[in-house]
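Here it is, the structure, as structure tokens.
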Amino acid sequence: MCLGIPGKIVSIEAEAPLRMGRVSFGGTLREVCLAYVPEAQVDDYVIVHVGFAISTVDEDEAQRVFAYLDEIGDLDELDPDRAGGSE
Amino acid sequence: MCLGIPGKIVSIEAEAPLRMGRVSFGGTLREVCLAYVPEAQVDDYVIVHVGFAISTVDEDEAQRVFAYLDEIGDLDELDPDRAGGSE
Amino acid sequence: MPCPLPIKDYPRILLAHGGGGRLMQGLIDKVFKTAFEGIGLQSTHDSAVLDLDAGRLAMTTDSYVVKPLEFPGGDIGSLAIHGTVNDLAMAGARPRYLSVGFVLEEGLEMEKLWRIVCSMRDAADAAGVRIVTGDTKVVDRGKGDGIYLNTTGVGVVASGLRVDPSAVEAGDAIVVSGDVGRHGVAVMAHREGLAFEAPIESDSASLVAMVHALLDAGISVRCLRDLTRGGLATCLNEIAASAGRRIEIQEDAVPVDEVVRGACEMLGLDPLYVACEGRMVAFVAPEDAARAAEVMRGFAPGEKARVIGEVTGDDRALVVGRNAFGTRRVLDLLSGEQLPRIC
Amino acid sequence: MPCPLPIKDYPRILLAHGGGGRLMQGLIDKVFKTAFEGIGLQSTHDSAVLDLDAGRLAMTTDSYVVKPLEFPGGDIGSLAIHGTVNDLAMAGARPRYLSVGFVLEEGLEMEKLWRIVCSMRDAADAAGVRIVTGDTKVVDRGKGDGIYLNTTGVGVVASGLRVDPSAVEAGDAIVVSGDVGRHGVAVMAHREGLAFEAPIESDSASLVAMVHALLDAGISVRCLRDLTRGGLATCLNEIAASAGRRIEIQEDAVPVDEVVRGACEMLGLDPLYVACEGRMVAFVAPEDAARAAEVMRGFAPGEKARVIGEVTGDDRALVVGRNAFGTRRVLDLLSGEQLPRIC
Amino acid sequence: MKYLDEYRDPKAARTLAKSIARRVTRPWTIMEICGGQTHAIVRFGIDEMLPDEITLVHGPGCPVCVTPVERIDRALELAARPGVILCSFGDMLRVPGSGRDLLSVKAAGGDVRVVYSPLDAVEVAEKHPDAQVVFFAVGFETTAPANAMAVKEAKRRGLDNFSLLVSHVLVPPAMEAILAADDNRVQGFLAAGHVCTVMGTQAYAPIAARHRVPIVVTGFEPLDLLQGIDMCIAQLEEGRSECENQYVRSVREGGNPAAMSVIEDVFEVADRDWRGLGSIPTSGFRLRADYAAFDADAKFAFADEPTEESTECIAGEILRGVKKPRECPAFGKNCTPEHPLGAPMVSTEGACAAYYKFRNL
Amino acid sequence: MKYLDEYRDPKAARTLAKSIARRVTRPWTIMEICGGQTHAIVRFGIDEMLPDEITLVHGPGCPVCVTPVERIDRALELAARPGVILCSFGDMLRVPGSGRDLLSVKAAGGDVRVVYSPLDAVEVAEKHPDAQVVFFAVGFETTAPANAMAVKEAKRRGLDNFSLLVSHVLVPPAMEAILAADDNRVQGFLAAGHVCTVMGTQAYAPIAARHRVPIVVTGFEPLDLLQGIDMCIAQLEEGRSECENQYVRSVREGGNPAAMSVIEDVFEVADRDWRGLGSIPTSGFRLRADYAAFDADAKFAFADEPTEESTECIAGEILRGVKKPRECPAFGKNCTPEHPLGAPMVSTEGACAAYYKFRNL
């Protein structure tokens, strides 16, 4: 279920009665309902599912996987046995 | 105005509420309203205009032009001057 | 370049633009020919004859949009084969290869499609052509009418042979291969609002064998043309225009079936303008006229072949019908398709 | 003969029967090929190559039903020229002559028709082909979609040249001429219910000059195919099936424009299955791969040409995509057109 | 085909032509009223068989020609409306109103359907209960019984989505109008055989007497026309001005009583405009108040823009036989069958269209 | 594309795969809940990057797969009705009900339209006031805010011709059902990142604890999936069973409050049938009574013929990860993607469809 894709808000077209904006997906533009991301502003990235933004992408949290990778990078040095048994 | 063509009644399909029948025009068949020719029967010829029979062809009267032709045939013998001046 | 048709008159395509008459001629002449000037389409005849390094070929295309898809005496499949091999034959070519383009409407019954492709197969087989390439598109329901077909044909023209309106000469005799108007009446009988019954079959047929019999018999064939939209009168007008000659025919020499006549009288139509799909006219040297008709009568679609008229010395392009009363009328190009008259 | 498609499953034509996938393949194989067995249509490749007494010809046909009629980067007119000259070029032929069949919908704006035939003229001119014969039909309003076009093309094949899937050998390199999916996205942006904006132009283009540059450069070209419905993946599947070879491509080597990617991500589509109208793949001898890409890059529609894969020694017909992670997936034929996903 | 072929016999036609030639001693101008007669005259070249002394003038008896622009414009307006299906006889589709015709409206999306019979339009209404079906009820007396019956039938079937846009005209008042004009040149009439089949012949004797013109009720085949002309010339040469009946196989003196009673039930006489001739008092039919529910003019609101008609067109003079088409400055220039400016160029049997066709013969 | 490309980095992916390989000491079976995750796994070959010890099982999180035949049949019935426009997401069109699918109904004349968003269906309703527009509202928690807003928007616009055919299912009860089965083999879950974006993660900790399974809320890109698996394996190897969140850039613990409050306003929890899994208590949404006017089930009468489903199909066992597609006797014979017998062959990411595609690799 639930194809959700990050896109960048390029404009906010209406606040009321329904918050709507235009979102760019690598240049492809589509009208998207922004009612569920009241905090999102132009240039913010949102996750869009069936024409609705369901969240704003958190820029800091988006880096977390790379922090995790850095940790794992360290694991490269460790031997397989220890990797399995680390706690 | 008023394209009217003789056709032969091949069947009477309904008497009421509206008298309808099938008429053949040299083999081409069409439903025709017979309400205006209450006397017409199968095998009679009727004059049809926009899907309505407007008269039954009178077989005897249909020969009248040929009788007229016979008369005129006699005129053939007469000279042009007399033809113009006949009374 | 602005559109050369005065669009204030007809800013939109009318059905009449496809009716084989003046509006269609205007569309072809003013829009298509103007646009394609210099890159081709200078001939609007049955087939283009092409000079390749490799030899002389004839090429022709037609799309088929008949309704109903299956009708007494044929269907859109056999029609699409006959129409295109006939156009090749009209250039004196031996039809060799066909392409087929299907535009199918979503919702078409598969069984019907199957019957129709089988009918194409049989017709192609009988005409001795191979269907060498094809294409299929499907359009949304309501954006088509079951099946639209395009067949395009390629044939080989014997070297030295020239069968073309430009070969027509004063004195040439005109032979029609059979009775006219059957196809038009057979399909018109199914048109909504006209609903009548015509116990008659379409004339749809391949004329290939008959044409090559004429050529093989040594008949001096100047020009051939199959009768399609617009019927005999339209066809003669096109040739008169191309050849720059006045044509005269004896109207009561043109065979018309009784059922076709009946339908035409009823609707106020002129059978000389009603469509055929398996009839042609041959323009031949006057001394070959009787023999040409004789050869044609040896083939089923030519059974009723008759000499119907001749090309005159008058160079004002015009078609004139003489009747039994010794009077004449101009058989002009119509604006579009004939419409039933009340008057 | 009863209809060989199990009609209990699909008694009617679905849009998917025209979608370039399995259903369409089934229709062609089971209905058309079966019906036409013995009289032709044994090849479903871009063009049929014909042996005439007069020489070797290529012949191809396509009908065009694109919506909207005019789209960023082209229109149905230029598309119909490009599609058909490209199919000829894919057989190694020099396109020479085209036929055009118009099926016009009553109500079409004459001005639009004019723009489109002018666009055809320009495209034909640029591709060096002549439009030698044509046909016009008009269908009732609501029974068409503005314009349906058929173009059928004839070209000449140099003697001895064999450009065909059967010439494909293990080890052959596969070169794609540019980024994929532009045409599909450019027209999809106008589909009702999807309405999005894609600032991108269709890739519609003639590939004729590029193909002949490849041949003239002495590249050992085994097989060429333009990417149309079903995109790159479908095209490779067809060749894999015809050649009886497994094909492997490096997915991230296939150029895809950012806008196309964005539209595909949004709709859940795979760009490898999205339609192109001015892209091709060339199968060439491995030692010629880099040079082939180099030659292509000299032409506008080949600017982004890249080697994307190779033919394997495995004779199980299959297309496999390798990705940057070193893993593989099967790039199978789809059932019909891709539909937007929610999942 | 019986009752057609025998009336097309060439030998008999030549005999009749010879009779006419022998009778005639000086120039006569005869008008055939009916467009159907005109059609047959053109198709069979009847005029070519006549001596030079006789001039045939094509009369106003063609509904395609005489339906006024205002009626056409209303038909166009209705046809263009969403939810309306306009049914019509085929030959009305090419008739221009103010600037366009039904074919163009159809191409632009209007639902326009050709029917053979008004009853077919009733069927359309029954099949499309959600649409308003309007039948464009043009015609002369001959068509009135059919159109009247369509209304009665719609009523019987309880259809509330069927109506007529009526444009019905009558022959005798038009003849009176032609004869009353100062510049009239018509000296004898071939009256319309099918009109008389319906209405009988009684209306014509008073006209013949009052205006001292022979009137011969005539059929539509070559022998009918030639005999009718022969009878008319005989009267002219003999100084008679009677109403005679050539078309005896179809026309009875009292007409068709069943048809007349249905007309009487549904229609009433009204003033009407004629294209090219202008308004003529009591020259047409309208629906009676009882049938107002089936009257498109009452049922729909119309914008009724001012009508646009060519100022160049001299159709009135053409239709009355006063001028020939070649005398019109627009003939063959601005005005052709593809783009007619006026009534006589519209229908294939219109006087201008016929001349246009023959211009090169 | 930002936030996509960086999560598809091959070098980073290999690092994560190496980490997984180093952690793993024995066989583990992990189910990814979401069809979107399955799609990414198949597209990027994630499973090929994993050590043999790890078996990924494709879960039931695909609305295309689990919408019951009875719901499809109602959609088919509505779509076939004159006057009804059925709007749907594209991937529902190929899903067979009892014998046919929406594509076939469309071919037979039904008005079926693909929309990208439920709001597009509201637009269709506004444009076609004479038609009844039904939106086939399938989906999991992620789609519920969109479908709920469509109803509210239709109400705001005063549209009385718009309704939803609701087939909404919920993830946590399905996980419970899978874990409760005697033959369960699933030892860890990748929970559906977008479901949790809407609903938050609180529902999962109790499940993890009660059934002693690690649950990692995971995104949809290769790095997301590999990190999610790595986190899951870490828990398994370490004997932990917690709910962790990998997809932190989108998922907040409390979910999306604005979305949840609109869901709460429009929908209420109800029992639901799942294709292949049968009835699961409190596993879905239905419209609240306040919105009955927008509920197609209440608005229309249905014939509800008995549903027809293959008896050969072992979809239940496949969807729970108990059996492999090759163990199904119909696989690749009666059952292919062109003619699917059961849910897992329907969607491209269905387990059987994925196996079918890869059968020759």
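A, B, C, D, E and F label the chains in the order they appear, each numbered from 1.
The rule we apply is simple: a contact is a pair of C-beta atoms (placed from the backbone, for glycine too) under 8 Å apart; a residue touches a chain by one contact, two chains touch by 3 or more.
Chain identities (UniProt): A, B = HypC/HybG/HupF family hydrogenase formation chaperone; C, D = Hydrogenase expression/formation protein HypE; E, F = Hydrogenase formation protein HypD.
Worth saying up front: this structure is predicted, and the values here are computed from it rather than measured.
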Key: Equivalent interface positions on chain C and chain D, same or different at half   = same
Query = Which chain lies the greatest distance away from chain E when centres are computed from Cα atoms alone?
reply = A
Query = Which chain has its C-alpha centre farthest away from the C-alpha centre of chain D?
reply = B
Query = Which chains are joined by the largest number of contacting C-beta pairs?
reply = C-D
Key: Inter-chain centre distance, chain A versus chain B - centres from mean C-alpha coordinates, in Å   = 87
Key: Gap in Å, rounded to a whole number, between the CA centres of chain D and chain B   = 65
Centre-of-Cα separation between chain E and chain D, whole angstrom = 58
Key: Shared-contact residues (touching 2 or more other chains) in chain D   = 10, 12-16, 106-107, 195-196, 258, 261-262, 265, 268, 341-343
Per-residue overlap in chain F, given as positions that touch at least 2 other chains = 1, 4, 35-36, 62-63, 89, 106-108, 116, 120, 139, 143
Request  = Mind pulling the residue numbers of chain B that touch at least two other chains?
outcome  = 1-3, 5, 25-26, 30, 49-50
Inquiry  = Taking the top-of-page definition of touch, could you list the pairs of chains it picks out?
reply    = A-D, A-F, B-C, B-E, C-D, C-E, C-F, D-E, D-F
Query = Tell me, which parts of chain F touch chain C in their complex?
reply = 106-109
Request  = Within their complex, state which residues of chain D touch chain E.
outcome  = 106-107, 141
Inquiry  = Give the list of chain A residues in touch with chain D in this complex.
reply    = 1-3, 5, 7, 24-31, 48-50
Query = Contact residues on chain F for chain D in the complex?
reply = 1, 4, 8, 10, 13-14, 35-36, 39, 42-46, 48-49, 62-64, 87, 89-91, 93-94, 103-104, 106-108, 113-116, 120, 124, 138-139, 143, 222, 337-339, 347, 349, 357-358, 360-361
Request  = Spell out the part of chain C that touches chain B in their complex, as residue ranges.
outcome  = 185, 189, 195-200, 258-259, 261-263, 265-266, 268, 341-343
